[in-house]
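The structure appears below as structure tokens.
As written, the chain order gives the labels A, B, C and D, with residue 1 at the start of each chain.
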């Protein structure tokens, strides 16, 4: 005897990853009545760095310093890549929107420029990215800045070793020091989130900055794993800088990632303030069309919500997000059963070398869309009038290799909503 | 409006003031509360034996159904327990059959019609904010307050369907319309630690401590509760030396709402007179 | 001038046979050096079911082998109980299987004295609910499952304890032969590229699939037939017992439980070289389609990984199906080939490794004219600390944290704590090996769980940096090698959940850390 | 001789009282009297409840009425009838048991008690709301029957005296100068007519004889022998006894009855401190106590609490309203219900040998209590039952009967791991089951992202005390170590705040699994305890 609820909305956003969040942020900000369904934990895997395009062509093996020219080239080479459906202005707008939205939720990023930054990761590699959180800014392009560096780690924080991170800077002429802090709390492993929480406590900050001050002679910039608080990381880092008199920056590491968690919280808070209904962990089933409204069912363990939506934004992600499901021999789309661009047989899915420069074909699979991000059916026509797709579910987009994850999500989601908005307004004006 | 009133085990004796104030405001809102010979909601037994806990809940629901009433409770643990029981009753056939049999011997049966309301969800969804606003005669003057969402109503959303589990807003909305100023509190949706108070007092109070610390750092004067167990847990702060030092007072939502609706301190069962300088 | 190491016996090849010989000879008071070009069980010893045959499988094709299996099984159960799970086994046939073979089976077992008991089908499906309801015959046999890594580790540990030596990543590059006997062997240390000489009285070639190549170095030809077998690991244990398909050996006809997983195999594909072989998608699909005939759940269940090994077979003449080559082992004293102090032992199977070791050692002993007889029958195989982590889930009967204060679990899937990693790093260092993720993985369960190294690799790597086991950024290649090793096993069965897991892996290691941009060392 | 018996009886019951009192003291040494607060005594409830039985009135009007009848009637009989030598005859010089109003009142009181007792009986035998259905027997009929029989014997005695010729003759000799002859016959006739006396020889009645008889009666009898009609009960019984009267008179049954009646009275005196009647003295004590919250309970004095055990009349109201009644329906452990717990508690206090299994049942039963205070609110005797349950827990844990949390906490995880049930040695995870923990599909999709661990408040706050994290518990399950998992601190400290379940990107029901594991742990712990205790006895 499941409880039945009925509701209707302008936009139903399916998925609560990066794309989903941007979509419902944009939609609710435009004043559209929005419902969002999904599991927002996906964002905890996000590094918190906003990539645009870090590598191109895919097998170049080189890091791009200027993304936009490369995008131009990409648009001409691959007309069906999501970027090829947007111009530079739109891309910049979408990022601007994203950053302002997050800023209004109290999460600070720096404004987009024209160059990629290079960020030192916990394993000592350098990651090309476009926009970083304010707390990362001072750590960008370290191999260029001639400063003596201190990298801090915490005993028991698994997967982060200052020495390892430092090893990435081996070829700099300046010195790199490391400091390993053993906390009394550490009995058998610390967890990032819990450690991040203790950054919100004054005594802890004091203790930490005292330890760092020991290096004030040797180093003038300090790298800390990206765990400096959850709610108000910016203030915390500032405070640390004041206490120590050195520059402080965060270093991204393996998930669960705190910058991702910050994104999650910021989005959730703000979107919920804009009166978007969020159906956590709801399974969406598409029933039928009713005079160009979607009739869908959001099924939770204990109740069902019957949703009547003018427009659906499909941001269910790829395999991790359950937007696509891989059977033993083919890939299917899980909600509308839309046709999927994919390799013919399974033995084309993956390369024998995990790090093959060409990347794996399976990462090209996904939905093909028209220029307004509406997925196509077999005939090559938009499958539905008002069904849009955004994010990693889009085909021809190996974001992991191209370092373009956030970019694709942000741009496609932002534009998808805009397109629907424009369209529906034209309707009304007529 | 008419509801079967489920006070739960703790209210009648351990937390009488909650029961009194709840009944008082319901009277003021012209909601009739019917007392039925309920038993425990089954929340304590869920750690021992699923069957017992579900049976307990369903038995209560059956009693309410007999009277053709929906069920309202001010306790979030009871609320959550009922929702869970219904989930198991729906999804575990073997369990359902067993329980229906036991109920039959009691001369009872449940068809699954009974709805469960929590005080907050009732006020927000069913009674309506606007209607409530009209009842507010003496709104507060922006006293600073933080709210404590009880876990068992909030999570798992898939079962309780109470409010957005990560960024809830029902409670804020309610305290805001009675003129209080709700502050951001990072631990607002975290557990108060009461469930393990009996078994692991040390840990339980440690959690309480961290909550009180962060709460008082927000600069709020009150922590507002709408759950029996949370309030009981916060009341323990007077028993522990290192918890007493925090300058923050746990209050029951029903009591502040009652005050805002102009009820007297006796009606609301408020003993501590300096609470909102009554 | 290269340094020269002297010893009684030089054993080539760190598989079960090699380690077995090393132990056997040490027990007879001989000093051995065991050299291995990569690390323990790199060949067929690592790439098999881990099945201890009761013999029933060979009663048709090879009665002699059947009897050997039967006897060895009893000895191993007695002496190496801690490496063995006495699961028991079933032979089942389904509709369409060769009726005649089924009919003859009990008789053939009787002939070789192998235990087998007919059980009725209802009972069979009761004790093994996973069995298909298509089965038409079921026999109970004495199969058991063994952990081949553990058995090798324990063997070599015991040998080392008795004065022998194990050198990993040491590759034979040639022999110096003077008047019909090997004077010394030239060995290269793969870690630092240095070559040196080992001078022994006798040289034992126990290099399994590589036996031909090694023998050739001494100018002796052995025509090896290499048959690649591929196996799949399921994410959960499907059955309590070993399940054999009751028919002539073909693809996907054995399912062996080990701890909490089951291993399904196998195929037989002729390969030229024993090096870098990996499971192909065709094989995987073939195995599953065969396996699901006896256990339908195999069609839908989740697979963690696949791996391959090359059966070393010695061919006389030409054969169509390599499974029909005798699975008995081949032992050659190369005296008759004109090299006095050189013997080769190869072929055979895991179940009879001890016997092979015994026979080989006998010849060595005879050559050295020592008359102490083989002791591996009597003396039980001791259990050591560095061995225990190769056991799935065995050591976790206590919380590490409360026990050792500060001991985080680095591999969550298989619950391997930091202390265990440290133990292994030290034991590898003792064996003059270079501790890296691959060698740790060989000796423990890390990376063998569902996450296939996405997380544990990073945690362990950073711990190794902390301990200064690794220092340079180039050591990051260690991570790449490890992940690629895992990948070999994954890539053939990535669908459903496995694909979810691997796409997360891709996001972390490629998306965030950009490992694919790191140049491989030339 | 009668006096002797009386003195013996009284001294016996006195000894009984003393014995009880000291046993209360003895069994409660553990309580520290310093914490005792005067303010915890409530005079109001004391007076109201012990005199007007207000709580009983709340509990049930009819029952209250019945109780009032018995109490008042019996009280009257004791004072004005049983003790008449020292009371009535002393206060009123014209007192005779056979003159009105005494004769009338005696009958009235008798009938009060009679009705009351019958009421009690009926309720006990027929009117238990929930419990009767389940054939739960209540003890304590003894006292009721005793009282009943006293009253009946009393009435019988009176009736037999009325019809008795010998008694008549004695009176004639004692109070008149009538000797053998016509006068006597006339009086007999008059008495036969008006006093229901029965005589051997046939008497023919004529108006003249009656008139004379009446006159004689007025001269000698009337002052101390009111007309029989005021003894309305005995009179009718006497009527009924006319037939066997000859036989009765011949055998002097009246004397026999007198002794029976008297003996029963002595019996009641003796049994007073040991039977339910003890509640007469202890209800006031019980109602003297204020009901305290669980946190203040150490402020009460133990021996008062346990003394109040004897204020219980085992009426069963408590079990009718008990909050955890459904638990009883499933566990079938009668010691879940208050009325049964009290009985077992008494046994425990009397240091009577109770086999450990029973104590274990008592512990697990008492462990179910939710301290909802319903039993205390309804208890007509005003016993603070809830307070008693806390004491019971303390006493049991002193005796080494702890709850499962403590039980498992005291074992090291290694020890616990060794206690795994046989079948779990090799776990083949096939076959359908509703148990999440037994079904690999419910947790095998874990991608090891450790989000559940990171959002877990227990892990956050209990870094040192905690052993495994939620996700590691799931891994234990995957590695076939379910039993081990049921013993981990993580499982037992889990708050069931469901943060993990809400956040799991793979939709794994982490918290539900935790709870289920705790259930399984409980089952196993119970089984183990039971083993130990059955071994013990």
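Throughout what follows, contacts are C-beta pairs under 8 Å (C-beta built on N, C-alpha and C of every residue); 3 or more make two chains touch, one makes a residue touch a chain.
Quantities reported herein were computed from a predicted structural model and do not represent experimental measurements.
Shared contacts of subunit A and subunit D, meaning chains that touch the two of them, come down to B, C. A centroid comparison over C-alpha atoms places D as the chain most distant from subunit A. Taking the mean of all protein Cα atoms as the centre, the chain whose own Cα mean lies nearest is B.
Between A-B and A-C, more contacting C-beta pairs join the chains of A-C. Note: centroid distance subunit A to subunit B, computed from Cα atoms, is 37 Å. If each chain is reduced to the centroid of its CA atoms, subunit A and subunit C end up 43 Å from each other. Here the spacing of subunit B and subunit C, counted between their Cα centres, is 60 Å.
Note on chain placement: the centre of subunit C and the centre of subunit D lie 74 Å apart, centres being C-alpha means.
Residue positions of subunit B touching 2 or more other chains, listed in rising order: 156-157, 165-166. In subunit C, the residues that reach two or more other chains under the touch definition are 401-402, 409, 455, 500, 504.
Shared interface positions of subunit A, i.e. residues touching 2 or more other chains, are given as 45, 186-188, 255, 280-281, 320. Chain pairs that touch one another: A-B, A-C, A-D, B-D, C-D. If you check the complex, the residues on subunit B that touch subunit D are 8-10, 12-14, 37, 39-40, 42, 44-52, 55-56, 59, 92, 94-95, 102, 105-106, 151-152, 155-157, 165-166, 190-191, 193, 195-196, 199-200, 202-203, 206-207, 210, 239.
On the side of subunit C, the complex with subunit D involves touching residues 85, 87, 128-130, 235-240, 257, 259-260, 297, 302, 392-393, 396-399, 401-402, 409, 412-415, 449-451, 454-455, 497, 500-501, 504.
The touching residues of subunit A, when paired with subunit D in their complex, are 39, 41-42, 44-45, 185-188, 190-194, 197, 255-256, 280-281, 320.
On the side of subunit A, the complex with subunit B involves touching residues 1-3, 40, 200-201, 230-231, 264-265, 268-269, 271-273, 277-282, 300-303.
Contact residues on subunit C toward subunit A in their complex (touch as defined above): 278, 280-282, 285, 400-402, 405-410, 455, 458-459, 461-463, 465-466, 468, 470-473, 475-476, 479-480, 483-484, 486-488, 491, 494-496, 499-500, 503-504, 506-519.
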